[in-house]
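All remarks here apply to the structure that follows.
The chains carry the letters A, B, C, D and E, assigned in the order they are written, with residues numbered from 1 in each.
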Amino acid sequence: MSLSVSLKHGFAGFDLDASFEAPNGITMLYGRSGSGKTTIVNALAGLLHPDQGHISIGSQTLFDSKTRQHLPASKRRIGYIFQEGRLFPHLSVRQNLKYGQWFAPRSAPRSDFEQIVDMLGIAPLLERRPTRLSGGEKQRVAIGRALLSSPQMILADEPLAALDHARKEEIIPYFERLRDALGIPILYVSHSGTEIARLATTIVVLQDGRVVRQGPAGAVLSDPDVTPLGATAAGVMVQGRVAAQHPDGLTEVQSGGLSWLLPAAAYPVGSTLRLRVEAQDVMLATEKPRSISALNVLPATVATLRLGDGPGALVQIKAGENLLLARITRRSVEALNLKVGTPVYAVLKAVSIPRGAIGDQHPRQ
Amino acid sequence: MSLSVSLKHGFAGFDLDASFEAPNGITMLYGRSGSGKTTIVNALAGLLHPDQGHISIGSQTLFDSKTRQHLPASKRRIGYIFQEGRLFPHLSVRQNLKYGQWFAPRSAPRSDFEQIVDMLGIAPLLERRPTRLSGGEKQRVAIGRALLSSPQMILADEPLAALDHARKEEIIPYFERLRDALGIPILYVSHSGTEIARLATTIVVLQDGRVVRQGPAGAVLSDPDVTPLGATAAGVMVQGRVAAQHPDGLTEVQSGGLSWLLPAAAYPVGSTLRLRVEAQDVMLATEKPRSISALNVLPATVATLRLGDGPGALVQIKAGENLLLARITRRSVEALNLKVGTPVYAVLKAVSIPRGAIGDQHPRQ
Amino acid sequence: LPAAAGQITVFAAASLKEAIDEISADFTRATGVEVAASYAGSSALARQIEFGAPADVFLSASTEWMDHLEHNNRIEPTTRFDLVGNRLVLIGPAAQTAAFEISANTNLLHMLAGGRLAMALTDAVPAGIYGKTALQRLGLWEGVAPMVAQTDNVRAALSLVSLGAAPLGIVYATDAQADQNVSLRATFPPHTHPPIIYPVALVKGAKSPQAQAFLDYLTGDAADKVFADLGFLVGAE
Amino acid sequence: MDWLSPQEWNAVALSLRVAFWATLCSLPFALVTAHLLARGRFPGKQLFNGIVHLPLILPPVVTGYILLLTFSIQAPVGYALSQIGIVFAFRWTGAALAAAIMAFPLMVRAIRLSIEAVDPKLEEAAATLGASRVWVYLTVTLPLILPGVLAGSILAFAKAIGEFGATITFVSNIPGQTQTLPSAVYAFLQVPGAEGSALRLVVISIVIAMSALLLSEILSRRVAARIGAA
Amino acid sequence: MDWLSPQEWNAVALSLRVAFWATLCSLPFALVTAHLLARGRFPGKQLFNGIVHLPLILPPVVTGYILLLTFSIQAPVGYALSQIGIVFAFRWTGAALAAAIMAFPLMVRAIRLSIEAVDPKLEEAAATLGASRVWVYLTVTLPLILPGVLAGSILAFAKAIGEFGATITFVSNIPGQTQTLPSAVYAFLQVPGAEGSALRLVVISIVIAMSALLLSEILSRRVAARIGAA
């Protein structure tokens, strides 16, 4: 199911005029504060009646100003994670979480209450009132409430902004699974490079109420010139298995036929990991570097080369069975004379794979 | 002036028992969601009456359970940036901003209204009511309101969480200046590695209501084992001047007697920049690497060496006149036989200095 | 208090409003002295006088409250006299059969046909007390008591009949005469109830020198005519 | 307690019954009215608002008189209602109607203020979770305005206990059927020297109404605690 | 308008004056009382709450009688006040006092509900910005409860325009001095056949009170728009 959006709306001093397509998967809405993200999300949710435009999901029209259609919010079956929580103060955390289930159609697939509560770490809070929660706790309950309502579309407005790094790392994989497993569109507003890079299927960049760039995540992220996030957000996920724990605190991981070294003391030998390797942490060398602090020097070949409009380039390399991305400068591409098929060494510091980017392959079931 | 805090407070199911010192500069309160950060901040502000303890700033006691002292919030002259905005709905943005000034003592140094409004980018919003602002706009007004109240202590509870990357980069330098210029303690709650690394003078790490680590930022950040933020947050700021703009989109910057290459097209030749160089982006080599994609290979010498308890080490090197930090593994320290005084090459990718980390040295005056 | 030389303040039972309004107007025309009349229930007025109300003259609808004030030394006893009298009547809707003689044999229940007998409060408001006494003396009270609808003043009892909400009511003759929507069914013989008398007196410490003149004027022919026209019994003294 | 005559006991019991039913039966209407006034947009809203407030503005006797004009069996409305078995005239139900109408504006005002204090963002959130307007009302709005509804109801109850002018004008004072406490008090006040008897009944009224107030305070504090306010 | 006699004009003017001053003078007391009831914690709070509500519970005649007992020159309180030049008995000021006392619980309730709806987090924010309790109240609480204060005041004004029982009992019904509109209506209602005259005055009451209501609606909508509610 694909979401199709075309909207015009005016506030005093602000004009929204945005059209985009959000296919299955996670569509990231990115843009500066005040660029119109929440306004779009509200229109999708049916909370804002836009001046003009059309919104449809699959073959179902949610809004059309020409035919004067406007499906009420309650009929849209959306899981909206609000920018400001909006928990029901008169209900306990448990009742807040279950609220959407009361109204979900019987036939809708139920999410597993225990699992979501567990993932969000809110099990000890279930009987509390929202007023007695910390900021991040509130936000986690709000996420749970939306996810548990059996939605056919998820709208997430900066869902993780209030959360700590570790908690984010626990929740992001859940969104990854939602993205990969469920066939529902997820519209996700975020300012965080990590979230965008890890989660985005599609990216829509807003500026002053207008879409200035949209497209598949890979294409948008590899363009260093388009947004501030371009430079920091490209990367790949790699799966591996802990092969050994060295006495100096380093962990040896086997992945795609190659050995990696990184700090991951908490994982026992034999356990499965996934690692995020950010494109900008990968250097390429055509000669094996020596006497260098980087512990991971992996033999590879250039698979694809994508030159940006600016000074940057995104090089896809095959290292063992893994495809990695490296963000380097065009100048280096020329200096090293990189072509598809050129043998190279990927140079990667052990500490570049921070602990946070490591998770069980199936975090919890 | 130094802030001295020692508190005990119990909520059902949560016990706070924390003592720390916050000297001048920015003290970062770091901890997972629900670890007690907001509770501490509220106690400092005088909004929560702790069960037990003592709070003083300089020689002034704000709270003491033994002597039953409890200075009311209004007398504490704090600029509190709340986790949830708390703007006055009945006042315009301008009136919200000026609110604190009505009550500030005449003698207090006034912040410059225009300058702060400008920095926060809220000039076009001054006549609006808060209900008509976007999430990030509200947060910016809340920051402005606190800063403009001529406080003798600033409490900032995740002030930048709702803001986009670019906006953060505009506001962080302001906090840097506050830290460096004003002699007032700033208590700052954040989950963001960047903010912690750039702003922290002191770091206090909370876990389940207890202080598990506190100390000067350098010491805490260089310890890779202590927190998830350790791995990603160390780094230094470097000042430079744009020397040339190359046709392939790269910018040449002179800093500390050395040439750097990075993408910074927007800055004209001659302008002053500051660059953030993260410790984990710096590789060290004892032999000059060749045929490598990293464009910045800077000759340096090891200045100090700090080995962590875990697999990591933080190496301070002098490259030209700049002091840089490099996070590498202990294994590499041994393999390269690094000692104080060892000549090394700092290897740094051009793209590792993302545009966001570049700012005018004096952003705006 | 602006009890100016040219003004008299009269406290009068509400049921005397029409008469006193007219007589006061005549008095003002004749003497140039303004009359401010405060109309309310006799009980309320008597209490106010007891508590120092700036009244010059009190016209009560019951001897009891005048007695009460006299007992408390709030009126000039020597100036007290009975101004007018009234009769108690049984009324029904307009355009009904002619009046009849009420007696012990009257079948009020039959006449009510399930409806209510409207009266003022039978233990509190004078018209109701008189009516209850009359019915008791006629031996009709026991039978009709459950059907009595009591109102806070006699005027409301009149309204109930006037509006058709009650088929019968007991009110003063003056009320019956003034309302075209009701007809007189019977007049209670005077011996069935204590005399219905409106006493009047000067209030102790009356400030207005013209108050006595007004009192005198009330007994004059002009006033008598007004009272008589409205159905009061004049010269009952 | 032998210091009250059986007739006075009747008056107490009747006042309680009248006030209880007056409050209970007007509650749904008050909720709808408050909702229309707080949120509705329709032509004639101001007029409607005015009419709702009339019983407050008019002297009670006038209200009673208007009720009499409308609901006596002679009147078309009263007649029509009597055909379906609803009779107000000279019944305790009429006393309840009078009390309800006199108390109605107070109840509506209280509820309306609380509706206006409900954050529409919470109702929107409920809508996105699939709740239709009715369900949003039942599961979000209503629980949130509960303290206001309680306050309004108790206010109405207290007013109903004290209502006199409209009641006696509309349904008279029939011992055991329409003689409420205030009518009895009034009667005593008409008799010189009976202030003592009046006082006894006044004290009873006060005790009843105060108990109701106390109850409402306790209830609404409990509700507020649940909602987490202040 | 010659369809009103000078005496009736007097009654209209007096009612307006009485209602205006009753509302204005009770406002500060109502604010303090509402604040104490909403936020205060002190022994005897429930009793205080009950006393504030008494005028609502008691038949108005009783309230008037109590006022008479308290504020007549014969009574100690009334005498003491008269020594410092304040006289209520049988003056229009007394009518205003009676109206104020009858309307007081309504005003307090409305204000109290709005105080309870104010988010204490905003008041805390003001305190951190240096505002003392008084300033917090003046710059945050008061503006936020303004719609409630307005609603309560207009309610009180309307009630004051319609108040009858306590007024006529306390200060009598002296034309030009204490005869308000409802008292005049009452007097007409005692005269058979004078319903027409009564009706005219009733209509005037309604017009006055409705105008006040309309004004309050407009004002509070404007205030609400400023606050940004709904």
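The definition used in the following text is that a residue touches a chain if its C-beta (ideal position, glycine included) is under 8 Å from a C-beta of that chain, and two chains touch if they have at least 3 such contacts.
Here the structure is a predicted model, which means the values were calculated and not measured.
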Intersection of contact partners for subunit D and subunit E: C
Path length in steps (a step moves to a chain that is touched) from subunit A to subunit B: 1
From subunit A, the most remote chain by mean C-alpha position: C
Centre distance in Å when subunit A and subunit D are each reduced to the mean of their C-alpha atoms: 57
Rounded Å distance between subunit B and subunit D, as computed from the means of their C-alpha atoms: 60
Numbers and ranges of subunit D residues touching at least 2 other chains: 61, 65, 164-165, 186, 189, 229
Per-residue multi-chain contacts in subunit A, two or more chains: 84, 132
Subunit C, residues touching no fewer than two other chains: none
Full enumeration of touching chain pairs: A-B, A-D, B-E, C-D, C-E, D-E
Residue numbers on subunit D that touch subunit E, as the complex places them: 39, 46, 49-50, 53-54, 56-62, 65, 105-106, 109-110, 113-114, 116-117, 120, 147-148, 151, 155, 158-159, 161-162, 164-165, 182, 185-186, 189, 198, 202, 205-206, 209-210, 213-214, 217, 224, 229-230
For the subunit B and subunit A complex, residues of the former touching the latter: 11-13, 31-34, 37-39, 83-84, 121, 124, 132-137, 139-140, 157-158, 161-167, 191, 193, 224, 228-229, 231-232, 246, 248-250, 261, 263, 265, 280-281, 283-287, 289-295, 310-312, 326-332, 336, 347, 349-352, 354-356
Of subunit C, residues touching subunit E in the complex: 1-2, 9, 11, 14-15, 17-18, 36-40, 44-45, 47-48, 51-54, 153, 155, 158, 162, 175, 178-180
Subunit D-touching residues of subunit C, taken from the complex the two chains share: 41, 43, 46, 64-65, 67-68, 116, 118, 121, 123-125, 148-152, 156, 159-160, 163-165
For the subunit E and subunit B complex, residues of the former touching the latter: 121-122, 124-133, 135-136, 139-140, 143-144, 226-229
